[in-house]
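Look for chain A in each of the two complexes below; its partner is chain B in the first and chain C in the second.
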Partner chain A sequence: MVRYLGRKIFIYLLTFFVAVTIDWLIPRFMPGDPIGMLLSRIGSRPEAFKYLYTYYVQAFQLDVPLWQQYVNFWKGLFQGDLGVSIWMYPQPVMTIIRRAIPYDIFLLLPAILLSWFAGNHVGALAARIRWLDNTILPLGYLLTATPYMWLALVLVWFLGNQTNLFPIAGAYSPQYRPHLSLTFILDVLHHWFLPFLSLFLVMFGGWAIGMRNMIIYELESDYSRYLEALGTPQYLIRRYAFRNAMLPQITGLALQLGGIVAGAVATEVVFAYPGIGYIILNAVQNKDYFLVQGCFLFIILGVLIANFLIDLVYVLVDPRTRLGMTGE
Partner chain B sequence: MLQVENLTVYYKTIRGYVQALEQATFKIADGEIMGLAGESGCGKTTLGHSLIYLRPPMNYIGGRVVLDGQELPIWDMEKMREFRYRHVSLIPQYAMNALNPTRKIGRMIAELLESRGVNYNDVLPELKRRLDLVQLTHDVLKMYPIELSGGMKQRTVMVVSTLLNPSLLIADEITSALDVSTQKAVCEMLVEFRDRGFVKSTIIITHDISILYQIADSILVMYAGQLSEKAPSEIIFRDARHPYTRLLIGSLPKVGVRYREERLRGIPGSPPQLLNPPPGCRFRERCPVAFDRCVEVPPFLEISPGHFVACWRAY
Partner chain C sequence: MSRKLTFVVLSALVVGSLLLAACQPQTVTVTVVQTAPPVKETIVITPTPAPAAEVVYPRNETLYTSGKQWGPPTSWNPLQTGAYAMGVIGLCYETLFLFDPLKGEYIPWLAESGKFVSDLVYEVKLRDGIQWQDGKPLTAADVVYTFELGKLPGVYYAGLWNWMEKVEAVDDLTVRFTFKEVRYQSWYNLLYSVAIVPKHVWEGRSDEENVNGPNLPPMGSGAYMYETHSEERMVWKRNDNWWATKLLGRSVAPKYIVDLVNPSNNVALGRFLKGEVDLSNNFLPGIATLVEGGYPVKTWYDDAPYMLSANTAFLFMNTTKKPMDDPDFRKAMAYAVNVDEIVTKVYGNIVQKADPTGLLPTWAQYVDKAVVDELGFSYNPDQAKRILDQAGYKDVDGDGFREAPDGSKIELKIMVPFGWTDWMESIRVVASSAQAVGINLQPDFPDFGGYWDQLTGGTFDMAINNFGSQMSDTPYTFYSWLFRSPIEASMPNGNFGRYDNPEVFALVDELDKTPKEKMAAVISKIQRIQLTDMPAVPLWYNGLWAQWQDAYWTGWPSAAEGASKYLPCTWNGYWNMTAILMLTELKPAQQ
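Here is the complex of A and B:
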């Protein structure tokens, strides 16, 4: 057990190291000149441009050799310093990310958990109630097969533009500053609803179909047939099938949760919702090395931690893994 | 005592009915171990499952099954439920995968028994005695199926299936996944179960007729969904009357398993399609002694006490 965990942790650390290195490399091989872009926005005279250019290259420490940049990157990482954003100069990357992440959690956590919960239950019911199966299954396939952008735009169009029921952009109305008051909270919820709904719908379809198919697979499996041949009542067979079908769903849930910090790029772009996804898009468009790097770093962390938690949970719930550990 | 009369079961497929079991009529006495043999696909599992667990795409076409004087409602999945396990039980062909992988075996047995209204703790001492009998430690109750070897799983399923002392036990291909020495041990356990009265009648399904020699009291041979011959074992091995049985016995190799494939190839030709089988005796095309009469279905007649055969040449 300890050896198993020890080895797992080692593998995760190694993966982290490699992933972070790649994360550092990629923006540096992106075409384009970030500082040139920053300065062209300022639009200064040519001699000032040249002066500012050298200044910024030094400020971002892009004048030292690559290996030195790499070492500096790791040093900064351990001090929680991810550098300064180019796009939102001079805000530190950390501040920008810290400001964006709560929006992702607020948007994605309820969407993932609720769709998971509802999807699994409806899927399990569909596996045994025919009329539900005949309605949920096509609906689920429709929802998951619909390009997300299209679904989101339909929602925006109907519930936003046409009926004016919901605002279609931002996390709160521009006239407010964030503060604690009932009106503000209601305003935030009002803005939150459409992006939430769009995410909930697509994920719900996926979970429901997955669960339904898994249950049917389990009900057709040999151990179910054996129990049935021994006259076991349906409730017990279903209970076993449900439990065994849940295992892959748990993995799926943990992966989704790990991806929260990655935000939902499409949603955040369509609804101009200021989470990490929205930041990433802008960072890439503005060739903002440090911001891109910082965002991906959080994504890497999220995914690795989620995977590690899955491993732990599986050790608890699935004897096949637990026993496999000693057999290796 | 099991009586089967004119039992006919087809598989419903989109292309039509697969006529997998045709007019089966036979008896098994209390304490009798009957081997059910025949080539792969001849309908052995179909016959076995019909007696306990007749579910779609299997379709009940006709016939009666009477166990201990009581007719089994085999055509009704729900009504059949209370007869299962208590009166008729099954060791399935897929015994290696028959246990829920995520439950400890003891707990699974407990839940299975409680669901059938039997108290686990009342049965536990007997369960342990039977585990001893099949040489399994009591620790298997605390284990997950994955911790057991194939042979151990097989024996566990044997104990589970017979725990409520059913009148009829159907053991489907319980030896095909095992090596020769284990095969023998498993077969002897079935005899032991019968001798101790855990089960009354037993059907051992196999396509390897040689393993039946020492353990089966009688052997029923099937061909392409029809019964060919039923007789006490020594008669089947020494004085079989049906040409198919004779070819089956005649091509027996010295030692079982490894030659199985060759043996089946030993009889020229292959069994007919069961989707639209030719009328009359289904062995006709491969039968070396077929004649005009064989276009009619030969009846399954008792030619001497306990010896039934369906062949126009044998009466």
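Here is the complex of A and C:
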């Protein structure tokens, strides 16, 4: 057990190191000069241009050699300092990310959990009930194959623009200043609903299909047939099948949860929902090295931690893993 | 074993549903309990002088705008031209004069008057009774302090101190500027674009902070005070003690101005159509159809071109590369491009074809008609072919495209930033126009970073750009961008094609030193060179994108008779070109 964990932890640390290094490298390989772009946006007059250029290059420490920038990056990382954003200069990257993450959790956690819960149950039911199977299966395939972006746009068009039922962008109406009141909370939920719905629907399709197929597979497998031959009641066989079918679904859920901090880029962009996904797009477009790095750092951490937890949960949930560990 | 497994699966589900419960109904119930009483207070807002910031900006007391912010507001420093949040200069900080581009007049603003009292001395008299938003008087000392800030590197008017000797306060209301050499065009431009800042607030801070700091919260003399900002918007609140109410009888009706950050064009359009935005300065393709289709949407003109013209889109050609180094080739391009197709098909008639000189309609008086008649161009593919034939560009290998006179192949690219959809469509037209006369030109769409690198680094073939051709008080700003000198490794401020001609550089410099009434002669010489050498081809005028609706505010300016003629524009640099006066004309709509 200790050896197993030790090996896992070592692999995870190595992955972290490599991933973070790549994360640091990639923005710097993008064509385009972030300071030049910052100044072109500022529209500085010619008289001040050169001075400002030097000033900003120094301010962002882009004038030191690359290896030095890399070392500085790790140094900062261990002090929890991710640098200052170029796009939203002079705000620290940490502040921006900290402000955005609650929106991602608020949007994605309910969407992932509810769709997982509903999808698994509807999928399991569909495996047993023919008429449900005939309706859920094509619908599920349709939903899961729908690009998030497209569904989001359809919802915006129909429920936002045509019928005027829901707002089309933002996390709350521009006439409010965030505060604690029923009106404001209802307004926030009003804005939250469409992005939530678009995520929920697509994810729901995936879970339902997955579960339905797994259950059918399990019901067809030898142990089910054996139980059947022994005269075991149907509900008991299904319960066993459901249990076994859950394993991959749990993995999937954990991976999804790990990706929460990545936000949902397409959805957040369509709805201009101010989560990490929305920020990543802008950071990339503006060659904001520090903000891109910061966002991806959190994604790396999220995915690695989720994977690590799956490894642990599997030891508990699946006896075969445990056997494999002690058997060697 | 199996019991354990059940337990784990069950607990996963329980945890899941707990999380669900945690993030949904609970928040609602908790907050309902906590905040039921204060709700009434916050919604029914009465104009009580409560010190606490208000939380709701009532729709009928608020002017909603969009179109300036393409990212979250991050600076309120009037020295950071372009970067500052919507309205920092104009709503909050004010200038000595305003400039009315439609009439070509300077309007005294903080200044009561200003004139040259001798060849090298300019004197400004301030209005008596102007107050900063904190109640302190605005005096000559503030003006002197503001102009002396220009001695710091990084301030956009730092160049002023190359030709200004000193600035001094004669008395509380009189400022005297003494020059080493008068650069009339730059000077008048600065008079309406430099925003006066309060000395008593700024002098206590470091130079570094004054030049590069965000200056939050800003405190100026203008009609609006900083209220709040977030990633999505900038909020201004009316200054009820604004000096212009007392001194000029002008006041502003909207209690709040909320400027929304544009996430994308489709959201901008959606918000506008839903009536969430009163004045939109976004480029909204297809707006003409809405105006004609009877939507309650208004623009400056009822008919094409719908919008005023704000700047000129140029086709820049890299004169350091073959064959763009050949004036004949460049001239052939000018004849080859079908601008009418861009105007009608790409823009749906909301832009206008540019004059061959590229000067905006507001500068029409400076176009030398004789020069244009002699050297001007218009769409004429046959003429383009003739010029190319005569210059020796012929299709030698029979692939349908011309080769250079030395027999080498011509394969060129024209670029605009990816995602700038109107420009992307435009260069498709430019490329097909060029192909029609036998020039192998292909459209290219790098992202903005790549575009900007190639454009300023001089590695591109052809590109569209308009950044420095904005409407202003003097065509000098236009020419100093078009013929930016000297040619350096990086050219971020114009002359992207690196057209190197000392003669025209000298003329542009001379133009700066020429008073308004004598400018025409110098400009005529510049235009002759421009049209002979054709370093860049003016294509169309981008509009002063502005559309608005009457639901909450009326009294908008327009070309219609009886309407005011101030610019309906929230972009930086336009508030001091009469947009602030536009605001004083707005009235709440009858509900």
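Remarks
Keep in mind that, in the parts below, the second predicted complex is superposed on the first by the 325 of 328 C-alpha atoms of A that agree within 3 Å, B and C clash if a C-alpha of one lies under 4 Å from a C-alpha of the other, contacts with A are read in each partner's own complex, and residues count from 1 in each chain.
The definition used in the following text is that a contact is a pair of C-beta atoms (placed from the backbone, for glycine too) under 8 Å apart; a residue touches a chain by one contact, two chains touch by 3 or more.
Computed from a predicted structure; not experimentally measured.
In the superposition on chain A, contact is made by A:T183 with chain C only, not with chain B. After overlaying the two complexes on the shared chain, residue contacts for A:P319 are found with chain B and with chain C alike.
Touch criterion not met for A:W74: it reaches neither chain B nor chain C.
Of the two partner chains, chain C is the only one touched by A:S40; chain B is not. Once chain A of one complex is fitted onto chain A of the other, the partner contacts of A:F17 are absent, as it touches neither chain B nor chain C. Touch counts on chain A: comparing chain C and chain B, the chain ahead is C.
Of the two partner chains placed around the shared chain by superposition, chain C is the only one that A:N161 touches, whereas chain B remains out of contact.
After overlaying the two complexes on the shared chain, residue contacts for A:Y89 are found with chain C alone; chain B is out of touch. In the superposition on chain A, the residues of chain A contacted by chain B and by chain C overlap at 243, 317, 319.
Those residues of chain B that touch chain A in the complex are listed here as 49, 52-53, 55, 80-86, 89-90, 92, 94, 97-104, 111-112, 115-116, 144, 146-147, 157, 160-161. Every residue of chain C that touches chain A in the complex is listed here, in rising order: 1, 4-6, 8-9, 12-13, 16-17, 19-20, 23-24, 27-28, 31-32, 34-36, 38-39, 42-43, 53-59, 62, 64, 70-72, 74, 80-83, 153-159, 212, 214, 228, 230-233, 235, 258, 260, 263-264, 267, 270-271, 273-274, 276, 446-450, 452-453, 456, 467, 480, 484, 490, 492-494, 572.
Those residues of chain A lying in contact with chain C across their complex are 30-34, 36-37, 39-49, 51-52, 55, 59, 87-91, 99, 105-106, 109-110, 113-114, 116-117, 156, 160-161, 164, 168-171, 174-185, 189, 243, 246, 250, 269, 272, 274, 278, 282, 285-287, 313, 316-317, 319. Considering their complex, residues 221-223, 225-233, 235-236, 240, 243-244, 247, 317-320, 323 of chain A touch chain B.
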